[in-house]
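In what comes next, chain A is part of two complexes: it sits with chain B in the first one and with chain C in the second one.
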Partner chain A sequence: MDALQKTLEIKNLTVEYVVDKEVVHAVTGVNITIPAGKTFGLVGETGAGKTTTALSILNLVPVPTARIVSGEIFVEGQDVFKMSPRQLRAMRGNKVAMVFQDPMTSLNPIKTVGEQIAEGIKIHRGVSDKEALQRAMNMLEMVGIPGGRVSAYPHQFSGGMKQRVVIAIALACDPDILIADEPTTALDVTIQAQVLKLINELKKKSHMVMLMITHDLGIVAEVCDTVGIMYAGRIVECGTLADIFDNLRHPYTRGLFDSLPDIENRRAELKPIPGLIPDPMNLPPGCAFHPRCTYAKPECSRDLPQIRWLSDTHYVHCHLYNETVENMLI
Partner chain B sequence: MPASSTTRPFSTKKEFYAQFKKKSIAHELWLRFLKNKTAVVGLVIFCIIVTVALTAPWIADYNTVVIKINIAERLHPPSMQHWFGTDELGRDIMARIVYGARVSLLIGISAIFVSLMVGLVLGGTAGYYGGKIDGAIMRAMDVFLCLPDVLLALAIIAAFGNTKLNLIIAIGLAFSPKFSRVVRSAVMSVRDNEYIEAARSIGARDNRIISRHVLPNCIGPIIVQVTLYVANAILTIAALSFIGLGLQPPTPEWGNMLASGRTFMRDFPHIVLAPGLAIFFTILSLNLLGDGLRDTLDPRLKH
Partner chain C sequence: MNSLGKILLEVKNLKKYFYVPAGTLHAVDDVSFTLEEGRTLGVVGESGCGKTTMGRAILRLVEPTSGEIFFDGRNVRKLNASEMRYMRREMQIIFQDPFSSLNPRKTIAETIEEPILLAKLIPDSNKRFMRVLDLMDIVGLAQRLINTYPHELDGGRRQRIGVARALAMNPRFIVCDEPVSSLDVSIQAQILNLMKNIQRDMGITYIFITHDLSVVNHFSDDIAVMYLGRLVEKAPAEALFEKPLHPYTEALLSAIPVPRIHNRHERIILKGELSSPINPEPLCRLAARCNKCMDICTREEPPLIEIRPNHFVACHLHKPMGS
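Entry: the complex of A and B
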């Protein structure tokens, strides 16, 4: 078991939502493996299935609307879809913790932040109220908020402080795996930097596995070791930070980078990806990206591309690399 | 710069900082409530009624004044000695009204407490889980909602007898479908919040989430309904007593006072006027209070 400690493995995960008998393909065949102490960045546009993937790890997808069609998720070697409700509760918050996207709505407005941090400690550690609050105070100090503010309510905090509280709640029980669902999206850039610094420090301190969900490539560069680019429910390209940033191969990944403004060449025109992310109820046949892809070939609208490994760490999901491993994006 | 502008307008440091102190939510709500004059009137009337009910033993003695028949003094009009006059058996109506308030408030509030408990459990479960559980519970509640409150309470009393406890249970159960609906809709508006999902993500049990996270956030609409339904319950008690199925004489109760005074109404109107006005002011105060609370707690109605 030791080898599996602090690891997360998602195998062939497929999740669908059924809305009025129409099927939404939220996540299709996603594979993610995160070894101990590493951070995986999941990047994609809104609606690409990032949050669904995250919720699946906690087995918290909203059943019965959502349906896990296939796949396994191993948290330290144990399949979360085969866990009993009691095992799930014991895992949630204790082994796997989640930082939610919007700190404004993910804190209960009528409970003090101390009570909210202490709640998980009470559930999992079975300590007295007083001790739980004491630990809550320590957690607050760890995320850089004076311990004296345990009895304050969320509305008395600024956005950045609220996100720190949310992080303190997630880390209260010293989890092995931390899922951060766009933890900085709702924050100002200055606060973003503070929160990212905090996350990086905590990661170094506790060697946890982290799944960082974001649509900001800058954050990925800052905290991640491995990156998966997600489009319409699939990971279209996956590799190490160097693979993706210096050696990207998928046209969609290229599109994402081209959408970033370039500070050195301000005259350069932004090149947004043409078109919109497809309606997940009605995905185009073949490669879901082909209607927006400038490299599209006839087979792209016909067949689903296979996973093509370009190196030990780098794979891509694109017809361009059926016969070659050379970079086709020139 | 003139010297006067540099002097502090506050005499002490403490005073200066006090102005930056943030008011608590409760204090802010209280201030907002105070702006609503009719609601304050309701609150004042209700407080007077409660105070009178609580101090009843000091106002009149139960055994020698309230239930003791005194034929010599029957049907006296209001006077200094008997503020509201005397009834057909010579008892002081004022004293009976005061003790009647005890009964009405006690049964009314306890009954609503019973229905609140039932409503919290059933409505909370239905609203939180939704789907089939919601369907099963709420269809059962719909069946009960088809029956008039009085009829349902009447059936329970007819089956089990009309003691105080049975009245409380009967009226409590009669009102619980309504509470279940209120609680359910309030829970449904709260349960999809991200902080509920966050609570789930740290491994909290469902009953912990419902009782610690969902219901405390539903307290606004529930308080409003409690106030309004206490008024309703008091009316139901009076109605049951009026038709002779509530508390039996000689226990003073507004409804049975009305019923027994009915025969003498034409010649001695004071005998029904007093309990009638008592019911009127109690219901009025609770309704004003309830509406005021709704305006206070529901920010969408803020002017």
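Entry: the complex of A and C
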């Protein structure tokens, strides 16, 4: 039972936004399963649908602009789309917590950090103010900030410390599932290194499920177990770290890696992906990546590629693998 | 990549202080270096280290507190306003944020044309229009976009406008202030390649300011590392990445998340956070965070010295050449 409890399962999630009567296909047919203690990295560029996927888990997509077209998300075996408002409130910040991208705007400037950490503890644990504040102090110390600073305000902290506070808030109620939306993007690299170390330590300690949203493949290599590469609302390739870093198959994944400067070979030429991310209101027919793909075949602009499992852990959405898996084209 | 080229830019003891209620903020503190024509100097450091202020001070977009800047042998700080305006044709800047650095009410054509018009470079309007088309072509903007406004374009295209605008004056030197930081990786690679090709074709000298060490390594010939207003290390890119001498550079390099899963290296994690740049004490500014901190580090500020040819470092761990 315990194994079932600490899992996150997203099944066939499709989310649309309706803007000026036009439909934006933000997320289409996304499937993600994360077992207890594992971290799933969701990678993609701006507008790929990463954050919409994350917000859906908390049932926080902005209705009515957003519309959950289909799909189920199981948290502890319960579908979040079927939960009552009361059940949702009980889940958010308790069983499922989220670390938002920008620590500068996700903290309340007129409340002390202690109050902000204690707020969730009071609501979900029903403890006294004093006890909640004590627990807030412990949380601060856990993320490496002296407990005595509970009565400080966010503006008295640097960016790295604010992000630690945000992490402390998320972890205050000991969540089973942690969603981290680009938790280190706004931080400097030496501070990022500190925060990533902290996240890795917490993972080991608490055995939680983590969904890590990032555009940085370096961070994925550091903290994730499984990776999904997202493009124009779909997961186009998904596998273990080894599947993606040693054995990638999708041309878009290839393009992402080739776009990164190689730290060891500074003369290596960058090979950017030609063209731009498509307009999500007006996605190309067939495979959404085909206009930018150097391997595109006639069927790519006609038919949507089906899921092709290359191994027990690795799948790809690409016409190149319709007939053969062995033929390494990329 | 021999270092025998002509020196285009020489910066001597450049300082920029800001006077704030809490005291004097040392944004750029006694920075000196030279840059040869056609090369790229990458400037790296974390937020608040003074890299942007330094770039702007070199162009006198903020007036330096003291120090000298020689561009092609001329003392830039001695120029009067009209001479400086003329000089800026040769010294341009590309800004960080393509979303806020473009006038939302001007079309692409008007935006690119503006500097040419202001400098009265091409009086004939037809010729000027041809020049705009030419510039759009150089930076890879399709001609059909000529009458579009910035809000209609994505970040990559907007940054191409920023590049075209900087190139409009035929400059010899461009300060690029985090030109790709706000772009997605696939677009970032497009812009970096564009800027490299422009340098190859036109022989432009760059100062490339960034916090992204993989990008700076790829893009630069020499790299300068800044920490709290100080230049702490400067060396050719290969040398710096192969054997960083300053403990801060070492930690910075080891902190880069590397996109691979084998042969991962051990991290050096610096303690704490940046100290305040307001009224700094005369000691090594990294001392409190440094894991190699010695007694002398908390007493004396280390000067920038040449340890090996072209490899400069400001750290008490290292002795000058030949001593």
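One rule holds for everything that comes next: the second predicted complex is superposed on the first by the 324 of 330 C-alpha atoms of A that agree within 3 Å, B and C clash if a C-alpha of one lies under 4 Å from a C-alpha of the other, contacts with A are read in each partner's own complex, and residues count from 1 in each chain.
Going forward, a contact is a pair of C-beta atoms (placed from the backbone, for glycine too) under 8 Å apart; a residue touches a chain by one contact, two chains touch by 3 or more.
These numbers were taken from a predicted model, which means no experiment stands behind them.
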Exercise. Give one of first, second, both or neither to describe whether A:Pro285 is in contact with chain B, with chain C, with both, or with none.
Key: neither
### Task
Scan A:Pro146 for contacts with chain B and chain C and give back first, second, both or neither.
neither
**Asked** First (chain B), second (chain C), both or neither: which does A:Gly77 touch?
**Response** neither
Message = Quick check on the superposed pair: does A:Leu58 touch chain B, chain C, both, or neither? Answer first, second, both or neither.
response = first
Partner touching more residues of chain A, chain B vs chain C, is chain C
With both complexes superposed on chain A, which partner does A:Ser106 reach: first (chain B), second (chain C), both or neither? first
Now for A:Pro298: first (chain B), second (chain C), both, or neither, which partner does it touch? neither
Output check: A:Ala90 vs chain B and chain C. Expected answer is one of first, second, both, neither. What do you get? first
Touching chain B in the complex, chain A uses residues 58, 60, 64, 88-94, 97-98, 100-102, 105-111, 119-120, 123-124, 153, 155-156, 166, 169-170, 172-173
Touching chain C in the complex, chain A uses residues 45-46, 158-161, 188-194, 196-197, 215-222, 241-242, 245-246, 255-263, 266, 268-273, 276-277
Counting only contacts in the complex, chain B reaches chain A at residues 22, 25, 131, 193-195, 197-205, 208, 212-213, 216-217
The residues of chain C that touch chain A in their complex are 46-47, 154, 156, 184-190, 192-193, 211, 213-215, 217-219, 237-238, 241, 251-252, 254-261, 264, 267, 269-270, 273-274
